[in-house]
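The same subunit A turns up in both complexes below, where it pairs with subunit B and then with subunit C.
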Partner chain A sequence: MKNKLKQFTPYMLLAPALIYYIMFWIRPVIKAVFESLTDLEGSLSIANYVEVFKEPVFAEAFGNSMIFAIVSVILQFVIAFMLALLLNKKFKGSNLLLFVALIPMAVPPTAIAVLWRTAFSSYGWLNNMMQKAGLIETPIQWLTVRGKSALSFLILIDTWTVLPSVMIILLAGLQNLNKEYEEAGYVFGASRWQVIKDITIPILKPTIVTAIILRMISAMQVWLIGVMMFGFGRVPFLVERIAYYSDVVPLLDNSYKMSVTYSVVVTVIVLVSAMIYLKLNSRGRKT
Partner chain B sequence: MKKLLILTLVVLMIAAVAFTGCQKEEAEKTEAPKVTEAPTEKAEDPTPEPEVKIDSITVTSGLWSQPLEQQFIREEVLPEFEAATGVTVNLEVVSGNDILDMLEAQKASGEWATDVVMTHSGDMPKYIGFEYVTPLNDLLADMDITILEAFNGSTSEGGNTYYIPISADVYLTIANNKALPYLPAGADMETLTWEQYKEWAIAMAVGEGTPRVAFPAEPVTAVVYQMGGIGLSYGAGFPEINTDGLKSAWGLVGEMMAADAILEASFNYGNPIDMMKSEEAWLSFYHMVPVGEVYSSAPAKFTIGPAPAGPVGNGTIAGAWGIGITAGTEKKSAADDFVKFITSEKILYKISAGTGGFIPPVEEVIEVLGNEPTDEVIKKGLGTLNAGIPHGVPGSNYQDWGAVKTVYDEVFQKLWDDDGVVDVAFLDTQQAKLEALLLP
Partner chain C sequence: MNTKKLITRTLFLLFLVTMLIAILVPFFAFLATSLYSSSEVYQYPRTMMPRFTYDMKITWEDDMYQLSVYEDDIEDYELKIYTNSPEKLRIYLKKQYSVQLTDEEIVADFSKSKDGTAVYMQYKKDLLYNFKTFFTITSNADKAIMNSIIAAGWTILISLSIGSMAGYTIARYRIKWKKQINLSLLIVRMFPMVAVSIPMLVYLIRMGLNGTMFGLAIVYSVGNIALTAWITNSIFQGISVELEEASLVFGANKIQTFFKITLPLAFPGLVACSMYAFLAAWNDSIVALILSNSNPTLSLLIYKAIGMSGDIQLAAAGAVILVTPSLIFTFIIKNYINQLWGDVKF
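== the complex of A and B ==
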């Protein structure tokens, strides 16, 4: 009897988590997919997808989301990796630098948007500082930029915000790295760059893959900073459309259907992007 | 045994899924039913219920959404009621759509958590139609107040009054005194016309070498109301896009855009407060509360006036917030007391002045207005409301008011992109969009 009870234990322990997962994750996801595939009368239909893809703003939102994800992930990885390498070298003040570098991670997205909106407004502190430094005579209208310039702004703000989280993952990887491999490289006459390229990065690859996947997923989900800086629809993103239909125009006949359809589209894009990245990564490992 | 365990787990999972599906079906929300008579709540019970001491009531409000307003109400107003009645007020400030959802759920479940509700005049017909609020006729008969009639269309239905308006608002003009030298000859703020407003804006842009008009155009905020006000002055209805009145309004704004008289930064603001206070903008036509905030911050620096006039008068979008009692409240007596308290002369004046200068829509309160900056704003607002062409927000006629705002935003943005040239074909397209949003 005792033995049998022992056999049940793992399942019993798993059950609460499994039930929770089914109730609060799998079920809503299935419901969302189902809703996206039915029309307003409840019949099976792809009309919602047609509607989403036909929206004039969809192409722009898709383009912006992709550009944002690719550019911001690359930019953030490069800067975060450089910072992690720097902070991995113990030097006087490195702990203070680490502390300062981590501050943006503690600031919530809404506060970040307020901070940067204050900076970029006509009479914000950025224009003020530049005027005092004699760099400009009249305030620059930063927030009136549109299109790709506005997108670049958002990429820079996002980079400032999430850099610490990427850096901390890479730094953790670097700190677990066996120093002997790098030392061996130096003993055989490798330069610093060669050591990083041929020893550090390959060993760190699993950490890098994790960091990039996590960033890619959250980069595809960006919207709040864009809305808070420029307002709805000025720099459209795919997830922003979900918020638009659920918060700005929630009472339209098709608002709910549109928001769940956008949710499914975003999920599929994120899944496909992650799979492509993993595939490319594994191909790179084989060659 | 292992199989039995797996089977048990599977059954558990299925049960979990099935039970999570056991929610109450959402109430049909297709069309607001017409109210023909007062709900007959608790009418059947012949035995009088014993008096139960009421400790607290819950007030759900879309009004006082600004943190400073809320702080004022919580610290300066509610304690007076609590001290007088011993009833604690739980004030919940939530957005309009959320209140509708909350009351829908409360009605469906029969568990009324909200006792008093405060909603915007544009939404009142929905609350009345869905029978979320109860008539206040008996309460009103017991009260000695005279309510402005401007909002009767929203507050009453079928001979019953469901809401008492507690604050009304219109659009006003505000100018930095630095702008006054540029006023066109013969013009003054009290009798300003839209043509003079345009000439004034252009004169400032030419004289200062930079635009000085704030026309807040953050998406889904207030373009609809500013354009609506101008359109009403030119004889349009509201909301409209391509009628003659609105064409004149778009043309007027387009001329200001073409002359580089409107600040581009307007697109990033939902109100003119920051632009006016920083003196980046010198002139604006906007909702009286932000205007009041700017004016009260430095009354010597600003001048306020009514909404400018067009050929048919001073058009303005007017709104009101009203207080009502939920249909299913079990704390009716305390809710009655709260409504009486809020609409009393002293408290209504205190709230109107303390929350930025709304118009108190009760005659007795208007009579006690003084000369404080907020009183000045209220007087200007009242003048516009009484002598102008106020038009309410017919939000309940449309599927979604946010979508209506977006239609206006798109026209404004196109007008800007086209350097102020009015594209009539585009106006027609947008008018069609607007009409498609109308509820049957």
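== the complex of A and C ==
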């Protein structure tokens, strides 16, 4: 009897988590899918999806979210990796640098947006500094940019926020790396580039893959910085549409249906792109 | 050879300094903005350092006080306002220069000019003016801070209790589907929480929890339970079972062993988990926007503040309040950052 009980202990300890996930994760998600597939009268239809896809802003929001995720992740990883390789040695002030590099990551997203508003408003500190340095004659109206340049603005802000922390993660990976592998490479006459390409990166790969995937997923859900810098609609993103239907027009007949449908679309896109990335990655490993 | 070394060293140093500047200058400029008075915000061009004092000149002409303020760029006093109402002066000084004086102080200082000589005064700027004003103009700012703390507290409580139990189990017991459990924890962490929050609104209304911080914490905990399980799993794996066995051999029972041996060793990790939970709740705005728009958290309040008013220095003050705990906690948990990103093998 006691033995039987003992066998069940682990499952009892896991039960709260399992119940929590059924109640507050699986159940809402199923409800979301169900709600998105029914019309206001409750009968099954794909009308919500048709409406979402037909929304003129949908294509733009989808494109922006994708461009933002892909460009910012590639940009951040390439630069962060180069920085990490460069900084991967003990030097005076390395601790100070790592300490400072944590700051942007620690700033909450809303505060990041306020921070860059203080920079880019027409009397903001950026114009002030450039004026003092004699680079400009009159204040530049940064916040009036539109379209792709507004999007690149947001990518740059995101890079400022995320780059240091990505660098720290890669640096930690590099420092845990067994130096002997790399040294062996050099002994056999490999160039620095070859060692990085064929030894360092493959060993670091698990860290890199996880970090990229988590970054990609959160980049696809970007919205706040866009809205706080430029307001709704200037640079539409997928999650921005959800915020739009919850914050700006919460009382339309279809607000709830639209935001539910958008949330399902976002989830599908996020999960599918994560899977595609993992697939591509594991195929690359085999060859 | 030596020159080449020197050049690389210099380049390296130059690069380091650039990086430090790129991170620190925006941050300090942002902090400085939260200390600017209204007149400084609209001064162009201005120095980045916020001013601490104002030199003012008061003269008495045409039965009115003439208030001039010393401006660095013209290196002279510039006439700003003339009035004979001390109240008007008080409001003007407060709104424009963050100088807080009472009517009596103004009369006492300013009336000396009535005999025809100019009075020169140096007034201290109230550096906390924007912070105080942030609380008075957004009438629910103190409530929003409390809301954020309460939501974070519930999130810590829920995710630590449920998550660490799961983490301990995965680390210590031989269970079926371990791999699947680990994978599902990862999927939960990747899952967009917006997709959970919108349908959760309906459930929360049904339970009478809509607009409450407990309701928000339920959603925040979804991802955080997984993260806590993930971190505690690796912590408990790192605590050697032999220590626990030794304690059992010496006659302690399982519960005593857990509280006397395992828990103290795991404590730093558990603190880190709580801080992650805190940050998740404290930094979020989309879940709060969907579930508790009329009873905002601090983060949501700042999001709204930037849309409402043009007073960037007030939003900056609010944002500084928001940043402070995040900054402190991030520095405390910096050694766990790698665990957040995980060394998962797919």
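FYI, the second predicted complex is superposed on the first by the 284 of 287 C-alpha atoms of A that agree within 3 Å, B and C clash if a C-alpha of one lies under 4 Å from a C-alpha of the other, contacts with A are read in each partner's own complex, and residues count from 1 in each chain.
We take it that contacts are C-beta pairs under 8 Å (C-beta built on N, C-alpha and C of every residue); 3 or more make two chains touch, one makes a residue touch a chain.
Since the structure is predicted, the reported quantities are computational estimates derived from the model, not experimental observations.
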item: Subunit C versus subunit B on the shared subunit A, clash or fit after superposition; value: clash
item: First (subunit B), second (subunit C), both or neither touched by A:11; value: both
item: Touching partner for A:82 - first (subunit B), second (subunit C), both, neither; value: neither
item: Which superposed partner A:121 touches (first subunit B, second subunit C, both, neither); value: both
item: Which of subunit B and subunit C A:276 touches, first, second, both or neither; value: neither
item: Partner chain(s) touched by A:231 [first = subunit B, second = subunit C, both, neither]; value: both
item: Partner chain in contact with A:22 - subunit B first, subunit C second, else both or neither; value: first
item: First (subunit B), second (subunit C), both or neither touched by A:156; value: neither
item: Contacts of A:201 with subunit B and subunit C, given as first, second, both or neither; value: neither
item: Subunit A residues touched by each partner, larger count belonging to subunit B or subunit C; value: C
item: Shared contact residues on subunit A - subunit B and subunit C; value: 11, 27, 121, 123, 231, 250
item: Complex contacts: residues of subunit A adjacent to subunit C; value: 9-11, 13-14, 16-17, 20-21, 24-25, 27-29, 31-32, 35, 83, 86, 91, 93, 96-97, 99-111, 113-119, 121, 123-125, 127-129, 131-132, 139, 160, 164-165, 168-169, 172-173, 206-207, 209-211, 213-214, 217, 221, 223-224, 227-228, 231, 239, 242-243, 246-247, 250, 256, 259-260, 263-264, 266-267, 270-271, 274, 278, 281-282
item: Of subunit B, residues touching subunit A in the complex; value: 1-2, 5-6, 9, 12-13, 16-17, 20, 97, 210, 218-220, 264-265, 267-268, 274-275, 278, 280, 399-403, 406, 409, 437
item: Subunit A contact footprint on subunit C (complex, rising order); value: 12, 15-16, 19-20, 22-24, 26-27, 29-30, 32-33, 41-46, 48, 158, 161-163, 165-166, 168-170, 172-175, 181, 184, 188-192, 194-196, 198-200, 202-203, 218-219, 221-222, 225, 229, 282-283, 285-286, 289-290, 293, 299-300, 302-303, 306-307, 312, 315-316, 318-320, 322-323, 326-327, 329-331, 334, 337-338, 341-346
item: Residue numbers on subunit A that touch subunit B, as the complex places them; value: 4, 7-8, 11, 15, 18-19, 22-23, 27, 121-123, 138, 141, 143-144, 230-234, 248-253, 255
